[in-house]
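Residue numbering begins at 1 within each chain, and the chains themselves are lettered A, B, C and D in the order written.
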Amino acid sequence: MEIGIIGATGYSGNVLYNLMKQHPQVTAINLYGHQQDSALRYLDEEVPAFQGERLPIRPFNPTKIMQENDCLFFATPAGVSKNLALPLIDANFPVIDLSGDFRLKDPADYLKWYQQPAAAKSQLAQAAYGLCEFNQQVTKSYIANPGCYATATLLGLAPLIIEHLVDLKSLIVDAKSGVSGAGKKLSSSSHFSFINENAWLYKLNQHKHIPEILQQMQLWDSQAQAIQFSTTLIPITRGIMATIYAQVKSGITPNDIETAYQKYYQTAPFVRWRGTELPMIKNVTGSNYCDLGYGYNPTTKMVTVVSVIDNLLKGAAGQAVQNFNLMWHFPETTGLPQLPTFP
Amino acid sequence: MEIGIIGATGYSGNVLYNLMKQHPQVTAINLYGHQQDSALRYLDEEVPAFQGERLPIRPFNPTKIMQENDCLFFATPAGVSKNLALPLIDANFPVIDLSGDFRLKDPADYLKWYQQPAAAKSQLAQAAYGLCEFNQQVTKSYIANPGCYATATLLGLAPLIIEHLVDLKSLIVDAKSGVSGAGKKLSSSSHFSFINENAWLYKLNQHKHIPEILQQMQLWDSQAQAIQFSTTLIPITRGIMATIYAQVKSGITPNDIETAYQKYYQTAPFVRWRGTELPMIKNVTGSNYCDLGYGYNPTTKMVTVVSVIDNLLKGAAGQAVQNFNLMWHFPETTGLPQLPTFP
Amino acid sequence: MEIGIIGATGYSGNVLYNLMKQHPQVTAINLYGHQQDSALRYLDEEVPAFQGERLPIRPFNPTKIMQENDCLFFATPAGVSKNLALPLIDANFPVIDLSGDFRLKDPADYLKWYQQPAAAKSQLAQAAYGLCEFNQQVTKSYIANPGCYATATLLGLAPLIIEHLVDLKSLIVDAKSGVSGAGKKLSSSSHFSFINENAWLYKLNQHKHIPEILQQMQLWDSQAQAIQFSTTLIPITRGIMATIYAQVKSGITPNDIETAYQKYYQTAPFVRWRGTELPMIKNVTGSNYCDLGYGYNPTTKMVTVVSVIDNLLKGAAGQAVQNFNLMWHFPETTGLPQLPTFP
Amino acid sequence: MEIGIIGATGYSGNVLYNLMKQHPQVTAINLYGHQQDSALRYLDEEVPAFQGERLPIRPFNPTKIMQENDCLFFATPAGVSKNLALPLIDANFPVIDLSGDFRLKDPADYLKWYQQPAAAKSQLAQAAYGLCEFNQQVTKSYIANPGCYATATLLGLAPLIIEHLVDLKSLIVDAKSGVSGAGKKLSSSSHFSFINENAWLYKLNQHKHIPEILQQMQLWDSQAQAIQFSTTLIPITRGIMATIYAQVKSGITPNDIETAYQKYYQTAPFVRWRGTELPMIKNVTGSNYCDLGYGYNPTTKMVTVVSVIDNLLKGAAGQAVQNFNLMWHFPETTGLPQLPTFP
């Protein structure tokens, strides 16, 4: 198979390229830019770490892209694929989109959280939200790959919500993220002297992954209406930890909780349930794993679930490959690292 | 005045020595070890950063200490002062104790959380819990300086609790701390290769600062019975951020919250209320400030308060100096840095 | 005394403001911008860490500045003071300039290394190069405060050069620096995800502090003609380590080296000679110290000297205060921290 | 093939296990401890990042090991394999030893630098020093895998030495290393609060990789007698940068230098020559690459070569796999990552 990548020079794109390069089912990778008339560049010029990868980044041309490839990945910022992908959607061409453009079903949600108009509702309807563990049967040709915070949070929440174990109104997510989550773009908060030796709660109930979390929660339990969600930047490059707090419903025991997580993840190759051993970011860095652990407080009847992922793997490019595998009926783990890069 | 320090070679002791060295009311600092018969060492041998400070660290001898000093600081691990301080308590000699030994009034609490027997109840009763902003009138000669997590948490909680603005049962504290909080002692979790590029929720409802938080909360509102409290280690040397979540009571508005914080902290020289601008650790590092900010979620009726301190200053040695100033009726800010060491 | 600062919102300016705020001889600090007509801003708006410092940053007006202040500090990027300072130079008004504009005596050097025209030679002649330990008698009203790399390197080199202990042609300096040295400006190399977990030799014999190092070396030994000088960025915020390698001259012993360093620095309050104990950055961070240590290799006859400073203190604002003290005949240590902020 | 690993719970062992797990020629990995009678442990108990790898770590038994495996790796500290490996050497069993025990040919060198007796000279003689790019034809069954500093330094030096381009007496290596190089063992210098925001030249001409560097240099040019070699610890987990300074011989031009590096590395799959673009650590992290770049100073006639590797890959486990591939005549790149894990 040949695959195309738009946006291979960004962080998610770097990781996606790296994974695809080693994917046993992929014979060639073709790279494209966002614009039709940009000057020709080469991957190794833009990403010196990839010296030797003298691959051209060619102008965007949907007709050629569909001729040259079997599947296309968008590793682009918000606002790109909603314009560029339309001919591919019309042609039912296989696309895996790492951006947020096709995650939300309701255009009004996109407008509110992304502050720009969404694609048309009919086009949005053609995309599937690719949270792999809960979207194993791929029936659509367009996969909206979930956001990094959303992935960590939803995998942590799923058994609690689906099995109605907790009071929905009590849900609080305190998420911590490394700096690569914001991409390569320069900003005052990505300056080393700013974030080194620092921690900063930069978005309180304002992160744009909130609506996709809620949308998925509502599929699991239509009573879900809101979530308390804060994001704190910490001085690491890669990794997300979502700490989830919830009041358990009357009569629910720790055993019920353990059982629920085992039920949903026992056969999931990329979710490691650690029980009462609380997971840490470094144990998943470099892998596609989501590690989950929990604690129960008998005094407050509160459950705390900790969910960690590598934001550029399970939170972006890794899950994209997993979606690619599901789409093409390859074994789910094909081309993905088997172990984290510890230490 | 002459002051003595026991434990100047630990991290809190380093900072305390540094502050006292520049305190305008202190003419001499005398250093002592924990043991009566340890070999003579010198401060600059033990702490190379302090080259030139050729001060002997002499054996512990309570009689001599009381003769030589006007006030004694314990900057020692748990379990030291509960034994060594007894003759000083009997003599009503001024002591500021940075350890946890005299913070809890109930010996059973100490036994449970510190897993060793406490000092006698009568001796514990002679110590005041020195949360400066709420203990401005020093009436006791023995000050139990609060723990670092407890300081950040209690200063963040106080107006909410005292003014009954929130549902006590809904309280959740998600605290993040740098590595110096665990001291100089080697452990697998303080290894650079472990905690660098990592985050680890190391204690869920098990940190020993929980009982002193609860004890103080109960003084403010006798209904307080429990708190959900998690501590996450992040890869920074200094700093604590306590993120506090609580359900506001029916009828309480954001304006009520703002008013309450202003009421308690308007004249407090070391608490900076930032309103809806959420504070970050680096803005207090190197200072004795506690910065506080908040956000209110009208959908979930939840308030989030963020409290940040430098764990070795406001969370240890800085607050100890502040207590010293209050005890001796010096202006509260004497000898303390006026600004953080930004950047 | 009242002092003025131009550029208090940059990193060096932040630290300078912090120091001056606590300087016992300074009664007021006035802040100015670079431009005559900029809108009024306030310090605490620009530097949130300094909340509460509601000081206006007023437009630049040399006449008013000379009326309102006794001394002016430029904490500005290259290219500012060479224009703005001219009326102050003409008036012989006391200035301490942290930028590179008046460090080089030869306008051609400035043109070559800064790639813009220098001030006039006659104006350059009115500035003294303020390497404090070697410029104790301040006879000029304009002090060009040395660069950070230059300070670390020159203090490490001085005894070797002045006492002719080493072969000048063999000199190699391998300097390592933290990220704050490049200031607050955003650039791809100050992005956290770039420099975290990285080290990058960014300038090989191309750093603009080279000409001021050479100029000073030539004052010490007119034979000095060149220096091999590399600068490596490492993932820390503050600190410089200059590792100096040189072939010792025939007949010179380690004892001669020790004696030379003691001769020049025994009474210097801010240079700590550590002999064969090699110094580290963290032992000077937060202080105005330069720590020096050395090793001698009897096989290769090579001496290695390690020199460390806090780039924002001894390498910028701290040395500026030291120059201020020397200029006004205050004790050299006035208003400067006595100890590093360890840990 | 089945392979055995002794020491899979250390950092190099972790990475080796991870690589071997994905090596297409390896069907099974067997783990062993250092001792004959240690209690049975499991890999995922010792290394939580490897949860799910429920592999027993069995007692050391050379007879069984030779029966069960085709090749054995020692990823052990100094002093282990010199005792344990003897029966395997006698049996001519294939071994790749990541420790320093069999790198030095002269037992007196080992005694001096490792401060313990070496294996017998005759046994040492049976080991080949496995610097892959210069040991492509594996003729011995025992490979002494080079040290991390030695690999970075020797690959950077080789063309200069072999082609006699530089004055051997002028050679200086200023090497910087991350903390994982010292392994998992706790020590005051691996404490996060010590090395974070710090840099420390910890060994000046005293690192135990010096004798293997010299030994190899002497094979290339018998005139080589000494090297100036310093090692500075910097706050990163993985990576080494060796900055090499040397006086070029009269008549040698930059072009000669470029030509020499191209000659030796043009076909080397894991050495990337970057010419005058100076390499940085992050561009090789996670890969088996050694990136090399240089600069020439026409004034001082000095060449500076910068060599960077991931200390746990090219400096340990990666090179071990490369040696394994060479030994068994697999393509040299088999089972090794094709690209660094950027960012």
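Just so it is clear, a residue touches a chain if its C-beta (ideal position, glycine included) is under 8 Å from a C-beta of that chain, and two chains touch if they have at least 3 such contacts.
Here the structure is a predicted model, which means the values were calculated and not measured.
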Partner chains shared by chain C and chain D (touch criterion as defined above): A, B
Comparison of A-D and B-D by number of C-beta pairs in contact, larger one: A-D
Intercentroid distance (Cα basis), chain B paired with chain A, Å: 39
Averaged-CA centre spacing for the pair chain D and chain A, given as whole angstrom: 36
Chain B-chain D separation of Cα centroids, rounded to whole Å: 46
Junction residues of chain A - those touching two or more other chains: 11, 180, 184, 193, 196-197, 235-238, 282, 343
Touch-based graph of the chains, sorted into line, ring, star, complete or other: complete
In the complex with chain D, residue positions of chain C that touch it: 169-170, 172, 174, 176, 178, 193-194, 196-202, 204-205, 225-228, 230, 232, 234-239, 241, 243, 245, 278, 280-282, 285, 295, 297, 299-300, 302, 304, 306, 308, 343
Touch list for chain B against partner chain C, complex: 11, 14-15, 17-18, 21-22, 47-53, 180, 184, 197, 237-238, 272, 274, 277, 282-284, 286, 291, 312, 337-343
Chain B-touching residues of chain D, taken from the complex the two chains share: 11, 179-180, 184, 186-188, 190-193, 195-197, 235-237
